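Below you'll find a set of structures to go through.
Shared between the two complexes below is chain A, which has chain B as its partner in the first and chain C in the second.
Here is the complex of A and B:
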């Protein structure tokens, strides 16, 4: 039994892998305290499944906070974890787009999940989840309802800034101009999808393309991605957020068993 | 009053000479770690001038660590002795009053030495300072920017210009350069010539890389010799030319054999030497010690192949890495670090690679045959052959190397000031991936200025890339074809 953890900037995800299957998955908010988040994941697993840290053959940690996990564990490169989990979920997978809180990454894979190319939104957060979260907060729109709200839009609004900060200013202007929240949310989602499409185009995308990360939970984003990339995508199972944690667990001593 | 000797009058020479003495002295102690070396330092410094001690705190600590390693030390030591000999001969020539020619790297120095001229690699000397000292040549770079030269103009021209102006390097009697590799460097040489009032002998590089182009280039090469004779009053001495050409031939024979050895797995030649190889090729035939450098690399590599040993840490799986553009000179220890951390061996890079099957050696039968052979080599010189015609020469060569050396990963570390280079990375990445399934990483640096891409960020980017290449064995299947279709 292996525990894979992905300490992201937004959430820390934990996946218990047993006999090559996900036996349990959990997530807690990181709140800029990676070690505490890691403890919370372990506490949750102990409370719900009765499994203690000492019961795991290995604990493998990846993600932003991997160096600050504060637990006896091994660390693993995030890109490798994404690739490993992608081919585990979809053996034919040749491309991955993982849309995280602070960073989105596009990967092109060779046969058997070998990483051939990868690129991240290195310049700005406008292609990542935090950007959407900030804007929706300003609009007092719950993140989980954003796709539904966007579908009520009756007008296309342009947002031209590449930078998250400038884009936020544009949104403030649109609010002051009296535009409806639905139109603004739709514009924001489209802007975000455009950034992600542009990121994907920098690597040699091949089918099938697997999408993952928190933003992959948003059906409107996924639909816009399919439209922008002109291809069908599939979502990571058991849940888009857990891809890196699953990859970490799979890299464990008997993860692939 | 006695005139100060050139070796101490020109501070760049003084600095490089002191660095050579410090490092060869450190290697002579036998210490293999910085901690062990620390115990020897007082004794070492006692035997050296006070100036040397002032440089020690400025030397990159990771460079010291890398060059003390057993795998690197012999080659580094012999190279530095050769470079020091070059400096001694160069400054002795200046002291004797011989004409100084600042030669572009595409011309290795045999021709100039054959004419009794002093060949000064004004672009290479600052590089030694940049690769060894944390403050490098930052002052001269910043001064040129303050004067209005943009930061994306090559430091290899900006720094020597400023250094000559400040008296840190000697003012040459002539510059000799090609009309390659890029418009930016051509314009800089025009500018430097006017600013310093030093004439330039231009050798026109043809657009195409073919037989017709070479005939043209050979004529240009011969015209260069005539112009040099006219300008300096020196003539080509056949015996002297032959002496240096023969040394160069011997050096290249070792290099070609060494390049062949690098095809073995694991690669038997440590990557830290590639920066030195570039300099050694630029200085081909300059002195006997430069031959010794290449011979040392070859013999060490051959011994590893014969014994079946490797310099990689025990248990480290090799990642055979092709550097598809160049190395990173200002981070000399990088290749050594990649070997130790990730098992990434450095197969070749176009900046240090000379295609032996095409270039061969120079026929020493006559002056004519030697000129033709040297022109042929110059025509095929790194960064020269690659810029003629379309990108085919560079791309095909890289693919051929990747194939014959069984490369597994590729790095394109582009110098942001190399204008011609930035047409290449996407083409290279696609062709390596599509034809050979080799992943590439592209990153941007400044060869002269470590501040442009701090060493820590370069290491982080390369480390991340190599971590994706280690331990990425495919796992067993998960939900498989049942992956949820979205949208």
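Here is the complex of A and C:
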């Protein structure tokens, strides 16, 4: 039994891998305290599944906070985790787009998940999950309802700023001007999808393309990506958020074998 | 003769009244969504302060957001020219002006008369602007004016690795979570902002003396960090650095009025 953990800037994900299958997956908010989030994941696994930290053959940690986990564990590079998990879920997979809270990564893969090329945006919040979170907060719209709300849009609104901070101000003005939340949410999702499409265009994308990360839970984002990239995509199972954690756990299994 | 300058920014609006020799009144206000209302309010402030009536103002120049829509101004001039003009009047040695405003940042070079020679600006990204400090202040739960004094007490600045304002807010939370003091974090933030602004200076070229205008000039830690990163002394101004734009607008009002009176309608010394 291996525990794979992905300490992200938004959430910390834990995956229990048993005989090559995901036996349990959990996520907690990181809240800028990676060691505390790691503890919370272990506490959750102990409480729900009765498995203690000592019961794992290995604990492998990846993601932003991997160096700050505070637990006895091995670390693994995020890019390798993404590639490994992608081909585990979708053996024919040739490209991955992982859309996290503060980082989006596009990878192009060779046979057996060898990373040929990757590009990350971790410099700017435009195109990051955090951007959507900020805007939805200003609109008092729950993240999980954003796609459904956007579907009621009846007008295209322009968002001219690339910068997330300035776009947030634009959204506040749109609210004051009486524009409907549906139209504003739709405009923001489109703005976000545009950034993600241009990120993808920087690598040599090939089918099948797997999408993952928190934003892949949003059906409207997935639809806009398919439209923008003119290709079908598939989502990481079980649950797009867990890709890096699964990849970390898989690297542990390989190491132990 | 009395001249007025009004500068409506993204976060604050300023007005200045000037006579033939000196500055007679100035005011700074938080902006309203409507630039015309903000301009009218802040001009009303300076008229009340000085007892000057509207009909006594010989000429008024507007600058900043919505500058061409201000009904009571006779001319509008870009805020870049105004900051150059105002800063050079407030300290005649000034040749390079770093105007760090609420939503943009400019490096401006002027000649000995305060007229524009060259400039570069960032208005695409909140990094290197007042909005960056506002975001950080929000994370600290303090007013933005408290950041400077807080940072000056810092001794061991944290490294801020992000450029993006949103990501820096997260970095700040991580540093605080690791037990770093608010003073050291605030100092790291001031240095990060200064590093960003200094990249604009590199593009426009630095000619001494250098001064800082705009709201961020009031953050003493940012000014000190700019001195360190640029390797030159940042000189002071005889006026509040936040009113430099409005002061420049009032100076242009005086120049234009004089030029028009002299029958020189081409107003050669006044860029649009």
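Methods note: the second predicted complex is superposed on the first by the 250 of 257 C-alpha atoms of A that agree within 3 Å, B and C clash if a C-alpha of one lies under 4 Å from a C-alpha of the other, contacts with A are read in each partner's own complex, and residues count from 1 in each chain.
The criterion applied here is as follows: a contact is a pair of C-beta atoms (placed from the backbone, for glycine too) under 8 Å apart; a residue touches a chain by one contact, two chains touch by 3 or more.
Just so you know, these numbers come straight off a predicted model, no measurement behind them.
*Asks:* Put the two structures on top of each other at chain A: do chain B and chain C fit, or clash?
*Replies:* Because the two structures are overlaid on the shared chain, the partners are seen to fit without clashing.
*Asks:* Which partner does A:115 contact after superposing on A: first (chain B), second (chain C), both, neither?
*Replies:* The answer is first: A:115 touches chain B but not chain C.
*Asks:* Touch test for A:37: chain B only (first), chain C only (second), both, or neither?
*Replies:* Once the two structures are laid over each other on A, A:37 reaches no partner at all.
*Asks:* Does chain B (first) or chain C (second) touch A:105, or do both, or does neither?
*Replies:* Neither partner.
*Asks:* In the overlay of the two complexes, what angle sits at the CA centre of chain A between those of chain B and chain C, given in steps of 10 degrees?
*Replies:* Given the fit on chain A C-alpha atoms, the answer is 70 degrees.
*Asks:* In the superposed arrangement, which partner chain does A:79 touch: chain B (first), chain C (second), both, or neither?
*Replies:* first
*Asks:* Give one of first, second, both or neither to describe whether A:235 is in contact with chain B, with chain C, with both, or with none.
*Replies:* First partner only, chain B.
*Asks:* Report the partner of chain A that touches more of its residues: chain B or chain C.
*Replies:* Comparing touch counts on chain A for chain B and chain C gives B.
*Asks:* Just checking: does A:16 make contact with chain B only, chain C only, both, or neither of them? Give me first, second, both or neither.
*Replies:* Touch partners of A:16: none, neither chain B nor chain C.
*Asks:* Looking at A:166, would you say it contacts chain B, chain C, both, or neither? Reply first, second, both or neither.
*Replies:* second
*Asks:* Please provide the least distance in Å between a C-alpha atom of chain B and a C-alpha atom of chain C in the combined superposition.
*Replies:* After superposing on chain A, chain B and chain C come no closer than 5 Å at C-alpha.
*Asks:* Jot down the residues of chain A that show up as touching in both complexes, chain B in one and chain C in the other.
*Replies:* none
*Asks:* Quick check on the complex: what are the chain B residues that touch chain A?
*Replies:* Answer in residue numbers: 429-430, 433, 437, 439-440, 464, 467-487.
*Asks:* In their shared complex, at which residues does chain C touch chain A?
*Replies:* Going by the criterion above, the answer is residues 33, 103, 124-126, 131, 135, 162-167, 170, 173-174, 176-177.
*Asks:* Using the touch rule from the top, collect the residues of chain A that touch chain B in their complex.
*Replies:* Listed in rising order, the residues are 20-22, 76-77, 79-80, 83-85, 87-93, 108, 110-118, 204, 208, 210-211, 216, 219, 222-223, 225-226, 232-238, 246, 250-251, 255-257.
*Asks:* Over in the complex, which chain A residues touch chain C? Could you list them?
*Replies:* My answer: residues 9, 31-34, 36, 102, 122-125, 128, 130-131, 134, 161-166, 169, 173, 176.
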